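Which chain is which? They are A, B, C and D, in the order written, and residues in each are numbered from 1.
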């Protein structure tokens, strides 16, 4: 691997600062995590978006949350075809090996992946339609739900609604995994849907009784 | 989606605490991120492991790093077959849409995914061999490299070596993506390999000149 | 004291969040508690176990319950020998200085201390027999009651039964304190025995009429 | 045990409300705690005082903190004499069985136990001098440190100072336990001293560099 380069200096400096402060004051806990393994309480499925830090929002310590991040916090349906499914592998590991008690799907505002899906559905993103577009094919997971929001005229409102729809699609797809459904039915596992408004610092939780997201 | 449940109270409380402090004192930046979009400097590919918080290690602000997290921080090879490839979608979005300047692959010690791959390669994990095992099939990405470490007798040393190998495999696979190779060749993008020792708080960087990882 | 370290950052953040929300919205009550002193309605004797939060189960406000927590929620017998007896001091302060109206002993499932006592009684825990074992010596308080459960063959059932026995032993020992007995006899103080099932969220109350614990 | 009484109705009602709400929305986590056991990150040694809820201040979930509460958050010195030492048993269990990474001693303002000790030291509390006074004998742990604050004339200032002294005495006594010292020296365990101002909602942390408590 001759292409790799040294880490930029400012990141080396920040790391060394972390080592001298956060690590130093918490060394015993890091050692504990190294020797005793992880026992996270929950899995969080969040977006790769640089503006969404779930560990900050929930004041999380190292070891609390098993976090999978992909484009648009999507979970594809159960499809055990022998091919590589990174999200399904993460869910399987969290639920069957780590036995987490919660899986939280965290959507967010201004999601580029969701907007790309809207653009595809409205015929405005031919490049995403290509077989070679990984983003396009990934957003196909969400595409069938477009009809739920197609009538909304205001573009910002439509995007927001589709972002929340993405959370519900992931929750529904999670239930297609036998090992998820079994544990949800037995009360060992609970699923939660959240949507985060970046600009407002808002957090809305899906309420299955009302069928809506409501601010916390 | 009738299966979702309300968020546990203690997480609601912690969120409200964040809103009143971290958000309140950085509101202008969050609003900026909401209206101006994200402009991250780098993509980080890290593990889902609850013990590895790259945002903590690098003192990251919201908006700095586009972060993809999957089991064992793996990047599969370029395979534009029209199927869903979440990791490839994340790489494509970061490199071609966000035009990040760096892609950092961050491996770590005590990685359960890498250990599972060793167990498979040594014939000790029949369950992972099943077509239905998402974790097993996902770790197939790393499997061909087992020969690089098969001679190491000490199990802890072998695991550590294979964890670093996983970083190199991902970096090599990244170079099979045409849009990555093109930008690396032109100097627009640089790749970096890191390995984090959880217990020690250590961080080692891959040095292409020596072919080894060295502490920062 | 040169060995102390700064508090981990995530706890500082969580505290600041609490200050800005829970404290801010209840400031008048906290100020009242600070200037007027505490007037708790009850003393709770509970286990140190991290899974048992009596304040959560009873929706407790600051100021409601004077809470002593030790291994296995035990009260040793009255023994005014001039040595240090932390539990007896807590009982004395609650009953004679604060004049609480209730003392509640709260046992719970999966109690490590009670299990350790069973292991000792069955000859399976030589380390706990040592004079140097504080846990072993502390569990001696419960030891004489082992005969009450020794005939139970199912280990889980035996543990559960002994956990409830621990509550009764503590209640009986409470009555050996003259200042407790006097107030119970006069009707100024009442004693209560509870057992909490962590996994089920159950709560059982001791009924002196039947001599059994019954679900609430 | 014929003296126990049924639980007051309002507590039964509160419990049933908790079961239907907090437990119901977090059932999977409680089940996990019941079957997988506890893995707390820290032990907290706090006062029984009804006004100090460490789980509230730190937004703690069930399972996070192993909590011992006694009068004035005291740890007596290591004394393996075969007698019953509840605090020492709690420390032993947390450090050697649960392998917690942190022990936090949390003192607080308006502490009745500390004030009682001042009264004893100033000759104003003959009842506490009696061999039969469990509170008096318990506060003997702190008594030798009175000279550190005896010169302070303002009573409130003296009390506050002695409350902080109680935290330091406990930290020093913790280091007399061989299993604590060994782990502190090796970096597996870290000790922390805090003092909480009830009325102000303040939290001060002991800084070993300056030798003082400073607000967080």
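The working rule: a contact is a pair of C-beta atoms (placed from the backbone, for glycine too) under 8 Å apart; a residue touches a chain by one contact, two chains touch by 3 or more.
This one's a predicted model, so the numbers in the text were calculated from it and none came from an experiment.
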item	value
Homomeric contact subunit A-subunit C: same or different residue positions, threshold half	different
Chain at maximum distance from subunit C, centres defined as averaged CA atoms	B
Centre-to-centre distance between subunit B and subunit A (centres being mean Cα positions), rounded to whole Å	14
Centre distance in Å when subunit B and subunit D are each reduced to the mean of their C-alpha atoms	41
Residues of subunit B touching at least two other chains	5-8, 11, 13-14, 16-18, 22, 24
Of all residues in subunit A, those that touch subunit B in their complex	1-8, 11-12, 14-19, 22-23, 27, 30-31, 33-35, 37-38, 40, 43, 48-53, 55-60, 62-71, 74, 76, 80-94, 97, 102, 104, 109-110, 112-113, 131-135, 137-141, 168, 171-172, 175, 184, 190-194, 197-201, 203, 205-208, 216
Subunit A to subunit C touching residues, read off their complex	22, 24-26, 29, 59-61
Residues of subunit B defined as touching subunit C within the complex	13-14, 16-18, 20-22, 24
Complex contact set, residues of subunit A against subunit D	25-32, 36, 39, 41-42, 59, 61, 63, 99-102, 183, 187-190
Subunit B - residues contacting subunit D, complex	5-11, 13-14, 17
